[in-house]
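In the two complexes below, chain A is the common chain; its partner is chain B in one and chain C in the other.
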Partner chain A sequence: MHKYVIKRLLLLIPILLGVAFIVFSILSLTPGDPGTLILGETAPREAIEKLNEQLGFNKPFLVRFADYVIGALHGDFGTSYRSGLPVFQEIFARFSITLTIAVLAILTALFVGIPAGILSAVKQYSAADVISTVAAMLMAAIPGFWLGLMMIILFSLKLGWLPSYGVGSFAHYIMPTLILAIPCSAGLLRLTRTTMLETIRQDYIRTARAKGASETKVIWKHALKNALLPVITVAGMEFGALLGGTVIAEAVFSIPGVGMMLLTAIRMKDVPLVMASVIFLALLFCFIMLLIDLAHAFVDPRVKAMYSR
Partner chain B sequence: MNNSESKYKKRSQLGSIWKRLRKNKTAVAGLCVICIFVLIAIFADVIADYSTMAIRMNAAEALQPPGVGHLFGTDEYGRDVFARVVHGSRVSISIGLLTVSIAVAFGGLLGSIAGYFGGPVDNIIMRIMDTVMSIPAVLLTLSIVAALGPGMVNLLWAMAIATIPGFTRVIRSVVLPTVNQDFVEAAKACGTSNRRIILRHIIPNAIGPIIVQATMAISGMILAAAALSFIGMGIQPPRPEWGSMLSSAREYMMNSPYLVVFPGLAIVTVALSFNLFGDGLRDALDPRLKN
Partner chain C sequence: MGEALLKIEDLWVRYNTDETVVYAVNGISLELDKGENLGLVGETGAGKTTTALSILRLLPKGIGQVTGGSILFEGIDLFGLKEGDMRNIRGSKISMIFQDPMTSLNPVLTVGDQISEVLLLHGYTKETVQNRVDEMLELVGIPSKRKAEYPHQFSGGMKQRIVIAIALACSPMLLIADEPTTALDVTIQAQVLEMMNDLKQQINTSMILITHDLGVVAEMCDKVAIMYAGEIVEHGTLEDVYDPGREHHPYTAGLFGSIPDLTKEEDRLSPIGGLTPDPADLPAGCKFHPRCTRCMDICREAQPVDVDLAGDAGHTGHTGHTIKCHLFGQWSAQS
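Take a look at the complex of A and B:
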């Protein structure tokens, strides 16, 4: 088990290097140079050239990448071209907002998707099943940003119940959370239903019924534990995707989170800021996936046995 | 004789899939709506003229509510919203179909190579895919669009690149079980080349799940393209696209909510139809999951 964790942690190194390389290459294809970005279009040509020279922009691509990696290994991820602040200061100032929305969204999705999925599978072809599968279909097809606009029209402009932009109180988080949670819960509902239906037909469920276990016990103790394993994995992946994918919700509700910061940074070619954020988000994603795999081993003795080999 | 027999068998399998699919009312409804939208996209110029109705500005007719002259009303520049929704279907549907085709082609190639050869080849391909997958898809797409510049073709490639790893994984996982089957062994024993085995034996046997996955991915791509255009990183105005129409309608949505309603409904309808059809297709291709 320890060996496995160490192996996975070591695997992070090539993955993060790869991520850094991919993003660095894409960004270096983007037109523009840092000197012009920092000093502005109107600055004298010589000053721009000098700054570019200082930042190492005129060196060959691979040398620049190596410089970046060496700097990063020493903990120096650079300063944002636009604000001049150290990149992680900028990221952490906004990360709490994005994290709050992502956590609220995934919790909402879990609380809606899993119970509805179980109900739908246990009572297959009942009215509840039909309603929840149709709702899930519809929810998966609604673009979040459109739903956001419609909700702003209804709840902010017409009814005046919820604020339509910015952050501050809890009420500010309700609509952004919902538009992220809805497609997510649709996916979890459908997955829970499918895995639950498959599990209910397994031999060990028949055995549990045959030995006289009550229906509640069969579902909650025998079936659920097995059916939820793939659901945990997907929920983790969704959470990772949410951390890097709140940009649309942030754009709809003008929320100053990591997503909006990154969108501006990508447009402005603020290389250090984009690099550090993407590496940070990729690291988080890998950690989440590792935790999920460990959670699997914790829940499922079969998986645990596989690791200890 | 032999030839005609195999032909007969092939037809009967497709026939039975079609028969099962036809019984599924929601899937048929989805297919019908998809066909209608494809027809609208093809005949968009016949339905509403592009240059005079969809992009020409006419301040005198700005922000008219839906009515007889303008079925869906007019936008802030006096352009007919119905014409713009019709022409927007061209963009959305072709983006959906093309991105998924690119992703399936590359994902299929990489996935089947990884699954078929195994060992170090598999390891290298899959580690690269893992790396790409750990970059949040939205951010990867955004950076590629920023690097290539906005526009339909660039958007297509950006979205396809972000989707390829997912397809590679799925295709590898459906290819893996077929690799050790007897017919592959038999083909190898006959001295068939690796290329031919992959193209003629392995891919056809794994095609079902790939088609289902692809159909379901189309709606995701349409939604993603609309979202990217909404934040200004996709299709650029004045070209009508549902997402960018919604984006420019934001300022006027208090007094002219219809500007936000119709493009959104178009997205929902198309996305829903592809999902319903994909779902039905999965049940028809793999009847074991039903009942």
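Take a look at the complex of A and C:
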């Protein structure tokens, strides 16, 4: 098991280098130079050229990439062209907000989606099943921005219960969390229902019933662990995607999160900020994937046996 | 003999699906005394497993439906019991061994946990349960130190032993073994059967052995019921059914006829022609008539009834040798 974790951590090196290279290439292939971006279009030509020279922009592409990697390995990811601040200072300020929303959203989705999915599978074709299925379809189909705007109209304008923009108190996080959690929980509900239905038709469930176990015990002790494996994977990936920023929620509620920051940085061609953000998010995503795999091993001894080989 | 341990009377079961209604069990009656072994023989789809699941009331919910008849266990009507009372019987008084050991054990629980679960459900305490788990494992020939392992770490034969250990852990009065050896290879089959027989004798359990292997039945059973299309076409003691000198249902005769005779040189096997009827669309009259070599006009129209050949002297009713066939209705009417 330790061996497996170490192997996976070592794999991070080529993955991150690859990600860095691809993003660096794309940014290099697009027009624009840092001197103009920092000093502005109207700055004197010489000043721009001088700054480009200073930043190493005139060196060949591969040399620039090597310089960037070496700098990064020393912990120097550069400063944002726009704000002049070290990139990670900017990223972390934004990321704490995104992380809060992502955690709240995925927890909400799990707490709603999984129990509803189980209920809907155990009581297949019942009213509860039909209602949750229809609700899930609806939730998955409603666009987040529309839902967000409707919620603002209702809860902020009409009722005045919740603030409509920005971050600060817990109340600020409720609506953004909800519009992210709703489609996510709909997906988890459908998935849990499907895997649960498949699991409760397995022979070992019949064995458990033949032992005289109660239906509750059959579901919670025998079926759930088996049914949750694919759910863990999907929930983990959803969480990873949420961490990558949630542009729509951030835009609707004017939240200074990672998504909007990255979007602006790309538009402004703020190379150091884009690079650092993408690498950071890739690293996080890899960690989440590793955690999913470890969770699988924890739940399923067959997977664990495979890893310790 | 007193009260029979298990008495199935005129049991009818069907499966309702969206498209069709499948008539799986059509009016079967059986009796089993304490310590007796009954072999339930038939082709795939004859309704053997459905009968077994009906006894445990584990027919698939919403699909399987008992439409008639009763099952008395120790004189108690199982269909009249509350679900909670039925659960107390499952696993402790009646237990079942399922066909495929590969899929019958939960892959994410240790085998020790799976054995102790049935014990904890039926009266054992946390302190005493581990001793019993060890005892059961050793009894089926698995070192008790392996109880912390998971099913995937065992071979197929060992998994079936674990399934047997679970089924016998509470010393049930009735054991239903649904093709316990079909998924195992032949050498392991013999071992498992022998072990089941030994264990069964130790705790004096009655058994219903579901199989399509006539050899296994001869080895293990006192009584035999031959099932075809949800009906028992022939029922009697092992001697009644296996004695080629006695009268048999054409289906039984066909089954035995399809076993190759090692003493004669035969080029081909002699199977029963045709296929088992679709249980959603059973033929009128005798359900076997389309395949029967001795089919008469009446067979196409009228359902045959059980005819008691009064096989072994002193036996009456279902304990005698009965055949559901017009050949013998005529025959007995004439005589």
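In this text, the second predicted complex is superposed on the first by the 308 of 309 C-alpha atoms of A that agree within 3 Å, B and C clash if a C-alpha of one lies under 4 Å from a C-alpha of the other, contacts with A are read in each partner's own complex, and residues count from 1 in each chain.
In this text, a residue touches a chain if its C-beta (ideal position, glycine included) is under 8 Å from a C-beta of that chain, and two chains touch if they have at least 3 such contacts.
These figures come from a predicted structure and were not determined experimentally.
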When chain B and chain C are modelled together on chain A, clash or fit: fit
Contacts of A:Val299 with chain B and chain C, given as first, second, both or neither: second
First (chain B), second (chain C), both or neither touched by A:Phe170: neither
Partner with the higher number of touched chain A residues, chain C or chain B: B
Smallest separation in angstrom, by C-alpha atoms, between chain B and chain C in the superposition: 9
For the chain A and chain C complex, residues of the former touching the latter: 124-125, 202-204, 206-214, 221-222, 225-226, 299-302, 305
In the complex, chain B residues that touch chain A: 127-128, 130-132, 134-140, 142-144, 146-149, 219, 223, 226-227, 230-231, 233, 243, 246, 249-250, 253-254, 257, 260-261, 263-264, 267-268, 271-272, 275-276, 279, 289
Complex interface listing, chain C residues touching chain A: 56, 58, 62, 87-92, 95-96, 98, 100, 103-109, 117-118, 121-122, 150, 152-153, 163, 166
In the complex with chain B, residue positions of chain A that touch it: 14-15, 18-19, 22-23, 26-27, 29-31, 137-138, 140-146, 149-150, 152-153, 157, 194, 240-241, 243-245, 247-248, 251, 259, 262-263, 266-267, 269, 274, 277-278, 281-282, 285-286
